[in-house]
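Some structures are shown below for you to check.
Note that chain A is present in both complexes that follow, paired respectively with chain B and with chain C.
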Partner chain A sequence: MNPWLKFVSKRLAGLVVVFFAASFLVFSLLYLAPGSPISFLLGNRSGTPEQIAAIRAQYHLDDPFLTRYAAWLGGILHGDLGQSIVYRQDVAALIGARIPTTAALVGYASVIILIVGVAIGLLAALRPGWVDATLRGGMTVALSTPPFVVGVLLILVFALSLGWFPVFGAGRGFADTVWHLTLPALALAGGGAAFLGRITRAATRGELARDHVETARARGLGESRVITRHVVRNALIPVVTVAGLTVASLVAGAVVVESVFAVDGLGSLLVRAILQRDFVVVQALVLLLVVTFIVINTIVDVIYLLVDPRIKA
Partner chain B sequence: MRGRRLAAALTAALLAAGTVSGCAASRALAPLGAADLTTVTTAGTHDAGTITWNLPYEPFTLDPLKSFNYAENTAIANMCESLLRLKPDLTTEGALAQKVDSPNPLTWVYRLRGDVTFWDGTAMTARDVVASLRRNLDPAAGTYWGQYFENVRSIDASGPLEVTVRLKQPDVLFNKAMATAAGAVMKADFIARAGSRLGNPQTGVMCTGPFKLATWRSGDHMLLVRNDHYWDPALRPVSGALDFRFIADETTAVNALRSGEIDGQYFYLPPANISLLRLADQGRLTAGKSLVGFTLIGAAATGPFADPRIRQALLSATDRQAVSRVIFQDTALPARALASEEYWGYERTTFADAYAHLPDTRVDLAKAKALVAASGQAGKPITIAIQGSSAVHAMAGSILQATGRTLGLDIRIRTVPVEQYGNLYVDPQARKGIDAFFSTWYGNVADPLDALSTFTLGNRNNYNDYATVDAALRAARAEQDPARRAKLVVDIQRHVTEDAPWLPLEQLPVLLYQSKRITGATASFAYLYYPWAAKLGTP
Partner chain C sequence: MNDHLVDVKGLCIDAPVGRLVDDVSFHIDSGEALGVVGESGSGKSLTARALIALTADGLRVSGSVRVAGHDVPGLRGRALRQFRGRSVGMIFQDPRAHINPVRSIGDFLVEPLVLERRQRPDAARRRVLAILDEVGVSDGARRLRQYPHELSGGLLQRVMIASVLAAEPALILADEPTTALDVTSQADVMAILTEQRRERGLALLFITHDLELAAATCDRTAVMYAGRLVETADSTGLQERPGHPYTSGLMVSRPSIDLRATRLPVVPGRPVAAFEAGPGCAFAPRCPHAQTACERERPEARESGGTMVACHRAAELAGSLPTTIEEVSVHG
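And now, the complex of A and B:
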């Protein structure tokens, strides 16, 4: 069997298993939690008992758990994600409208995390003394400051006082989107960049102290060549792992930042849907998150192969 | 650890900054009085282009049938018209119906205008009105307006431009409700074609109003453009377009208003930093006449809170003046009754006289303590539900808890997430173990009967099965003579205020903010049903 084909089919099998486990778990937890979407179907003032019963039957709110799960699964297999009972529109449309926003925000934050995180990590590792101390202090601050505090500070300084950036929204068109999402992406990336910086610093330090680096130096190789070929390349494995996980977790982590900057993306939709007990929306988003996670992990694995040929597909 | 301390210091600095500006604000601002409440703002003179307006959340739908809440009705009011129109001064006039007759108490006849077209250019006829109103009678359609249609027997076209509504029993509120979204008219063919997707972002609506829906991108914005063929010259929009945004976070909304990215917004509750808007020199905050009240809804049919003496005690011991000052930042008016002055749409002297004789809002601790002692219910737990992530609810809960403590009442607070809070109104399961909950409740028309009709037996919102005024309410609802009805209503109000099935706490004016760039929005509560943006333009 072609090793790549094997790799891909293993991944797909993993995706299916993880998706079933995750969707079943989320569905059952939602089912067990108290609360219902009934007020979104009836409004606050109306409904005779007969009307309420009719609505409950119409939306299958009283069907047994497995019946509802099976009905939903059947829809998925027919390519139908279902209709949101709260928003009365197709889940595909509801999510589709928000994917570009969240993708742009997460993508932007990921770029910041990767560039800034690796750069400050390397700098701290290679410049012991005050540079290292300063950067480590900065990373600790960034790691321990919650994103909403960073967000509010950024708005106060760069949007309200200086007026360089807008206060809210996601923007339209490329340049406008970049302009609108700069502050949210910075707020979202802060912790991740600091974490990646720490990992990069530790991994690089670890490599610097190893025998083969000493050997390379002793053989008279230039310092920059030692750093790039023998230190950084070896340090990349943990860095790539952490970078992948950090980026994958950004989608769910975007909730708070989306709320502070009034960017209506997948994160806030997910939280709202959970609290509204809008089952089909939650399930579709879980599906999307699982796929995203697995795709990113696959990319990480591919990068492993490129970085270290000893790792086999 | 160092980082944590720095973060704490930054947070402290932020809080300090907030407090400082808060102090500056309270020094410069006087509390709002009843005389400060207005109904309109100066009409705009020139087209302001696209006006960006914020809604407190994204509407769940634009279908008027399922729209009985702030964001939905704020948006729909400019698009979909009803048979009658609630004017900024809270009186009503004809809109799509130019004449209303009631040949007998069981019949309402609406003579429609002949010059009205939908946005697509087709003429509005009796068929459209019948199709729109009849949806309220179809259980599967799930209307939110059922309370106004409970006495309707039939809705039929009695001519190409005439609709006749027959009732099972006389009901004055039905006709009044035709000035709200309950009487909204959409194109019949459009309703049939849209099915369950009516009013969603992809399908939208087809109405007759001064603005028409151009685009609604879910999660982003909703654009309305001027309807150049609108039938009523008096309300032809001054400006070309209205762009709704959906900033739910109130701090972000206030920031966007201050930076000028948003031109205006209606607030049904004051945001925590409203002083920034009251003092802003980039815009003006206006307080408008309103039918909204901040109320503690009694929901206990058994237990201590089902005892009227406990409710009276809590009401007379609660410092409604302090609630206004502390919680509503001086933007609320202490309320004596559920129906405030703005409800007096007829027989004003009768209502004013009766209101003056109701107990005033001063704290009477001695009376409250005596009531608690007489009830023998002291010390039993009372659970009040508050809405999560609402500062107003949290603070009001704390104040009532403290008040309860001085009376020997054991008040407990249960926080319900905002997305589940609505269930308290409709789902007995959700109300289990809850004796009362806060609400920004509103009537829809200027008649105290509308606010009080909740206490009819069998009404979905009469949670404690309060029965004292049931017969009187039914009589008042059937009484066509305003003077006689006012007498009945005043009597009902006296009972309801005394027994306090719901605790009237504050009257909440509409808070309207407009940037300096624009003026002309309706200031009163009518913004939920009246084309409030028609006069918006540059000063």
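And now, the complex of A and C:
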């Protein structure tokens, strides 16, 4: 069998296993969480035992745990994520309407992280002295400032004072969306770009000191070729791992940033659902986050094969 | 006298901590092999690196280093790259560390030919395949597709030798090319290196710990101690009549097949770096023949009949220094 095919099918099988394990965890954790949807549904009224029983029956709250899990999972596999308790709408529709916004935000931030992170990392590694020191200082600041602080600062400076960007909303159409999402994406990307920059710098420095780089120089290769073909090429291996993990974690980071910028995406939906104890929505969203994380990691594993021949398919 | 391929005069290499290579002078003619023997830290690798301008940035190189008509320390930019790519080839100690692990053998071998010499990729490939065959790497086409981790150390060192031969240099620098290999591959690799070098008439600077190996493969042998050359001589002459007590000490501390020894004789004390040595002979504190003059005054390198020895007592000791463990055991 083709080793590539074998590798990918093995990874896909692993993905399925992780999906089932994660879905079980997500479901059971919320089952164990304090607070019950009943209290929300009833509001401040104290319902009669008959009313409560009716609600429990409607949402299958009295079924055994495993039966409920099986019903939920079966629904998901058929594309039915259930009904939101609060909005009385299909969860699939609630989520589907917001995926483009969050995907645009996360995609935009990923592009910033990859380009800016790798660029400043390389620059810091290859220009020792004040360039390196300045960039390293900047990276430390960016890394230690939480996204909601960065978000508020960006709004104050670039939206309110300078008026270059809108204060909130996601925009319509490509150009408008990019314009609306620039500040949120920057807030979301800051820490990741700094982290990737540090990793890139360390990996590049480490590679520069390696013996095979001396060989390349001894053979008369030009310095720019030594850097691109040997130093950067080899430093890519750790950079790809960290880039994958950083991008995967953006999906979770979007929760905070969307709230700060009042962007109506999956993140703000999740926050609201948690506050309102809308269990069905929370379960679906958390599962979606987990699946996204796993899928991105699988993609990273495949890229790994391309950049490091020592990893056997 | 002026047309030596390599002509090094008064080479000194200084680090921030002090001097590492001190006033080294030697020459290598076209097609000639010079072995440089010394303990770790004696400056032999640094000396070789100075011939290809690969000394680390923090080191200061002074003195005259001329290789194939180039003033090596003065080379910069394109001229330096062309010199490294065409005039000199370097074989490093550990091929596994010195060949990029994530590029295929084919990429490694062809890279400078295509990028720096503008050969067509398929022509470069054919050429490299032929050389692989000559250095005893079978199934070359498959090897070119493989990666370094898929090859044994001995095979990888042959690939390194092939990469140097492909550049058609006039001089090969070999920095302990067999130290990282197992014993059987050591002999193979050494045999291939020697054979290819002779066939192509290339000069060789061979760096090793192993005095016997140097003498067996090289026309002349130089012995380094504490960053200085203490003796340079015709290899057979050096083997039979060592002129410097240190050379003799190295020979005597070799185990013998015929003699059962409970303890091997050693050169007492520890080796020093050039900057740690006193004003006199750097070897004096460890030398069984040292006299007060040796401690005070640095011995000049004296040349007679193609042999150079830097020892105050060279004339008196000539011919009397032991060369084997047996002689020492009989005497004491």
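Throughout what follows, the second predicted complex is superposed on the first by the 287 of 313 C-alpha atoms of A that agree within 3 Å, B and C clash if a C-alpha of one lies under 4 Å from a C-alpha of the other, contacts with A are read in each partner's own complex, and residues count from 1 in each chain.
Heads up, the rule we're going with is that contacts are C-beta pairs under 8 Å (C-beta built on N, C-alpha and C of every residue); 3 or more make two chains touch, one makes a residue touch a chain.
Since we're looking at a predicted model, the values are computed, not measured.
When both complexes are overlaid on chain A, the residue A:276 reaches chain B alone and has no touch with chain C. Once chain A of one complex is fitted onto chain A of the other, the partner contacts of A:161 are absent, as it touches neither chain B nor chain C.
Comparing chain B with chain C, the partner in contact with more residues of chain A is B. In the superposition on chain A, A:88 makes contact with chain B only, while chain C stays out of contact range. Of the two partner chains placed by the overlay, only chain C lies in contact with A:211; chain B stays clear of it.
No residue of chain A lies at the contact with chain B in one complex and also at the contact with chain C in the other. Looking at the complex, you find that chain C touches chain A at residues 52, 54, 81-86, 89-90, 92, 94, 97-104, 111-112, 115-116, 147, 149, 163, 167.
Taken in their complex, chain A has these residues touching chain B: 34-36, 38-48, 50-52, 54-55, 58, 83, 86-90, 93-94, 97-98, 101, 137, 140-146, 149, 152-153, 155-156, 159-160, 163, 166-170, 259-262, 264-265, 269, 272, 275-277. Chain contact summary for the complex, chain A toward chain C: residues 210-212, 214-222, 225, 229-230, 233-234, 237, 307-310.
Chain B makes touch with chain A in their complex at residues 2-4, 6-7, 10-11, 14, 58, 60-61, 63, 66, 68-69, 139-140, 142-147, 196-197, 199-202, 217-220, 245-249, 251-253, 255-256, 258-259, 261, 417-420, 422-423, 425-427, 429-430, 460-461.
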